[in-house]
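Chain IDs A, B, C and D follow the sequence of writing; residue 1 opens each chain.
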Amino acid sequence: MSSRVDLRALEEEARERLEPDAYAFVAGGAGDERTVAWNEEAWARVSLRPRILADVAEVATGTMVLGTEVAAPILVAPVGMARLVHDEGEAALRRAAASAGSLLVLSTRTSFPVAEIAEAADGPWWFQVYVLRDRGLTRELVERALDGGAAALVLTGDTPLVGSKPRAARHPLEIPDDVFMPGLSRPDGGPIGEYPGAEQDPAVTFEDVAWLAELAPDVPLVVKGVLRPDDAELAVEAGAAAVVVSNHGGRQLDGALPTAVALPEVAGAVRGRCEIYVDGGIRRGTDVLRALALGARAVLVGRPVVWGLATGGEEGARSVLETLTLETAEALALAGARSPAEVGNDLVQPMWQS
Amino acid sequence: MSSRVDLRALEEEARERLEPDAYAFVAGGAGDERTVAWNEEAWARVSLRPRILADVAEVATGTMVLGTEVAAPILVAPVGMARLVHDEGEAALRRAAASAGSLLVLSTRTSFPVAEIAEAADGPWWFQVYVLRDRGLTRELVERALDGGAAALVLTGDTPLVGSKPRAARHPLEIPDDVFMPGLSRPDGGPIGEYPGAEQDPAVTFEDVAWLAELAPDVPLVVKGVLRPDDAELAVEAGAAAVVVSNHGGRQLDGALPTAVALPEVAGAVRGRCEIYVDGGIRRGTDVLRALALGARAVLVGRPVVWGLATGGEEGARSVLETLTLETAEALALAGARSPAEVGNDLVQPMWQS
Amino acid sequence: MSSRVDLRALEEEARERLEPDAYAFVAGGAGDERTVAWNEEAWARVSLRPRILADVAEVATGTMVLGTEVAAPILVAPVGMARLVHDEGEAALRRAAASAGSLLVLSTRTSFPVAEIAEAADGPWWFQVYVLRDRGLTRELVERALDGGAAALVLTGDTPLVGSKPRAARHPLEIPDDVFMPGLSRPDGGPIGEYPGAEQDPAVTFEDVAWLAELAPDVPLVVKGVLRPDDAELAVEAGAAAVVVSNHGGRQLDGALPTAVALPEVAGAVRGRCEIYVDGGIRRGTDVLRALALGARAVLVGRPVVWGLATGGEEGARSVLETLTLETAEALALAGARSPAEVGNDLVQPMWQS
Amino acid sequence: MSSRVDLRALEEEARERLEPDAYAFVAGGAGDERTVAWNEEAWARVSLRPRILADVAEVATGTMVLGTEVAAPILVAPVGMARLVHDEGEAALRRAAASAGSLLVLSTRTSFPVAEIAEAADGPWWFQVYVLRDRGLTRELVERALDGGAAALVLTGDTPLVGSKPRAARHPLEIPDDVFMPGLSRPDGGPIGEYPGAEQDPAVTFEDVAWLAELAPDVPLVVKGVLRPDDAELAVEAGAAAVVVSNHGGRQLDGALPTAVALPEVAGAVRGRCEIYVDGGIRRGTDVLRALALGARAVLVGRPVVWGLATGGEEGARSVLETLTLETAEALALAGARSPAEVGNDLVQPMWQS
């Protein structure tokens, strides 16, 4: 196991290491970046109510997500074009996730061919799907993912268009052709980068969950981007096996409520009918504990893993996952819980104002 | 269409460009400028609850205000003496609003003759009225506005006197005679600037709405400055076709509640009996979305348009309006709404504390 | 009438003008000075709900306090040893209050003989009483005040001992004998400064209100320092003609609740059975308006008047009072009220969080 | 009695005096140190509602804790390895507590042999117990404490493992063998520092309260680390004579709720069936007053006493205790209470937000 890292210091190190445009691409959010800030703050506002003298001699962080065992309730969130921060990009993320006992949710916006990433390591992985304007291209995407062994599809629902990001706009990023979804080709044979058909289709609806299910009848479907109880209900009705409570890391609609606030509302609507994950602002094992207590089965972590990748490649990304796992084990023990299953809502008290 | 501008950066640019007195005249507020700050903060405290997977392939920002079609629910707020920040003053604002598909609410405190401003462009405009101590002069004002084609009168009700502004007082502004309501003359023929009859009449009441209606029987009347449900009720009873929820941009009574807090209270009292607009602190398309969700039909934008005017004349002011329109379209799409009509109260959640 | 001053700037000017020890003596508070800060913040947290179009052509700030007419609901709070900041001390305050149509509440801790202060101007004044360990000395104090024409006695109830003030302790102040209650003598004839009998008597109770009433049967008694409804009830039962909601400007018990929070609770208990005043953190006419709306008949202002005294003597202190009066008139007009009597609780909305 | 010290300034002085690693060892907390900050803030958010005119001529701070009289409701919290900040370590703390009429709760992690500390002064002391993996060693610990005259055992329940402290990790501290629990020996005779059996046993439960009671049938047992009503109930059922509401000074689970928030909840559950103490963030006599009003019989003070020890040895630590006692007396008087027994819940008003 690699050494424990200071996740707060790591972002600073990544900022120094990366070109300003690449750093802004990852760190930036939509609009005035209020939701980016709220995501972190909202977890901190949930205070913990630890149990004492509870016999935590044996603490196990492992859990199951859609039937797959993971070492901790911590998955790697889809991050686009990982080669922009490190040469090995998603291949390194894949290996890091596998060796840490975690699971990569591979972004549609890969910077290596999907097959290469799939083969980079053993172990489960999932594929994040944008339904693109060109449905044929979308079908091709999904098929390649299934061929590569993706064990679930994660449909991102909060991106009918890409949210404006003033910080990123101040640091324009040039994306080489071979970094944007290589291995796919547009109907006319040119690079995929400028192809309108490769944009997110703004007409996607919950009915497309059924369309995806037909394309991929053998794997479960996850709907990502849910912030409202009614949308969670629609996802369940459309056959989702899980939802991800997410505001896209504050990168889409600035001012969207923080996920720590949305999570218990969604959990109240779902009432166990599908699994619930959450992302956005998770920076510590204590945040993982809060997420579990508020109704999530697992969290997805994006930016911290990217900072690990940027500063240390596969090893760096793995250190981040292992650090979070260690911190989660510690948080469980200090809260008096031996496993994620023992974490109940009584362990948190929302709305204490820091 | 002109290029999208960064509205946060624009104020900084205007501050550098303008003389300190002109900048303070526009930016400053009453007293300790608490309401100025609250206006912006209060929108940010309203968190958004976006819908996902809602088919937003076709998003249209257009709406109707008092029977007039506008390209977006964004009007230009009345701003006094616009020539103090740019040579073309209100004429440029008139042209910018017209070319952006918006609508200028021309201030009583014009710095060009009303007829010149009216003729500067085609397209609708409204006239903001102060009832002055000299009612004859007021009548003359209104007649000139109607002659110039004003499609509505907007009676400002929150200015029985002009609120003290310490910041502006520290940067005293000399206003040349020809910049203060040129084209009007006082009974004794001198310049209007020092004429007591040209001051706001502190005795104005809701009964003067009827008086204005007699002067202008063919155009609708709007009451601006409403912050209380009971005053909204009085406005409706007096025959107002619309109210503007406003605290005069924090320039009158410091400590007045922010408009984002007053808006839903007023909407609850009006219950559809007249149209509702709002101003104060609107800086982003997401703020426009919040205003719609809290019950407004449109917003009025003042200072940002003036920063556009100060830095780029007509073109600069238009860029501000177009940027806000683009941002509003994006916010609608990301919230899962295809038009202002699809924006309901469920899209917001008040009182999340940043 | 003297010119309007910027009260925020005035404290800065006073800080530069005064010796650090004298500045700390006036500005400092008890403990960590949290209550000092809270007092100002708490007024700001009360947002105003102005009425519009209400005919405020005639605004009058005058009111009655215990049967005495004052130009505005603004009295001068008792401040100890005013000669430490200006040679003319309380005499200047007396003249400033009289010429501004206000009323000085003279502190027990005078730095001139009471008779001299009383004779310094015409017009009403009140005397603030500490019941001292030496009851004979207390009787002498009260008799001199009555001889000098004090129209009311204000018993300060929150000072069984003098609260510790770390800031003042870091700037120890030497108080010359002739500045500490001159004109009084201790039984053994020495200076009063070191005399234990001149300390506040910690055994004072509400029964001493009756004792004072016997000493001064012809003037009304006021109890100052009330923060709780039950103490207000006791004051009413003891025969107080008025109470002052006060935490001694944050100089006694640090952490005591701010007066803007205590005021409506006290008003609810008093239900008109006596008059209510309030002090602590009043810095603007809008704060006076808030105090009236929350149930006070008048405010007492301390530090700002001292900054006026420190920087401009009698004239400076008067400017402060006149500025606050002008601001109060403006705040009344902008809120749609013609007089203090028209200010109701509906003009404020507590607990908006800045 | 030694002179009164400024406790805010004292930490600064200690920071300058100590090596960075020793300072970080004492000052640091777990994780992002949010709970460390919350502890202090939470007391400040409880505003005080003082009574006036209540005859406080005689104020006595003394109280009883588990049948022992102390000069004030202020005990010395267990602090580990006090020799790291001063040569005389716990011996100095023992003497300081005794001479101030307080009581030392000696940490399991002593840096002198227990007997030496016990003999360093007369007067009562208590012993804080960690149940260690090696139960025999634990038994030895307890026996030595009882031999030394410990009048109570305080079982710390919130430390199944030692929480990670990033700040301390950045300033690694080398602990010499003779500073870590000297006088004890591991079964194989080596130093205790590296011995796994000397670690906290993570399997400890409320049943071990009974086990300790058997080891020490003649002294009362206290359970420290309670933050939840249900754990307080379990402690009462297990026979605890008292509980300490504590989050270990923010050193264990970062994000744990502040003790000022947990205290009234615990008091509501205990309903007088055992005594309640509280620690965490107590820095002023007004904080002691708040703790009493929220249901505590006494407070424990850790870091401030260590800063006194670091800067002035026994004398410095005693000054801290005496200052807090003086401040508590003053706070009682200013709140209108003559003794801890007169402090009721009506003296505080939670949730005023600074």
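Simple rule for what comes next: contacts are C-beta pairs under 8 Å (C-beta built on N, C-alpha and C of every residue); 3 or more make two chains touch, one makes a residue touch a chain.
Just so it is clear, the model here is predicted, and its values are computed rather than measured.
Asker: Same or different: at the subunit C/subunit D interface, is the fraction of residue numbers used by both copies above or below half?
Answerer: different
Asker: Fit subunit A onto subunit B over the CA trace and report the rotation angle, somewhere between 0 and 180 degrees, nearest 5.
Answerer: When the C-alpha atoms are superposed, subunit A turns by 90 degrees onto subunit B.
Asker: Calculate how many whole Å lie between the centre of subunit B and the centre of subunit C, each centre taken as the average of the chain's C-alpha atoms.
Answerer: Centre-to-centre distance between subunit B and subunit C: 42 Å.
Asker: Just give me the whole-number Å value for how far the CA centre of subunit A lies from that of subunit C.
Answerer: 60
Asker: Which positions in subunit A are in touch with at least two other chains?
Answerer: In subunit A, residues 353 touch at least two other chains, as defined above.
Asker: If you look only at subunit B, which of its residues touch subunit C in the complex?
Answerer: The touching residues are 31-32, 34, 37-38, 41, 157-158, 160-161, 163-164, 166, 169-170, 201-206, 208-209, 223, 225-228, 230-231, 234, 247, 252-258, 261-262, 353.
Asker: In their shared complex, at which residues does subunit C touch subunit B?
Answerer: 6, 8, 44, 46-57, 59, 284, 286, 290, 327, 330-331, 333-335, 346, 349, 352-354
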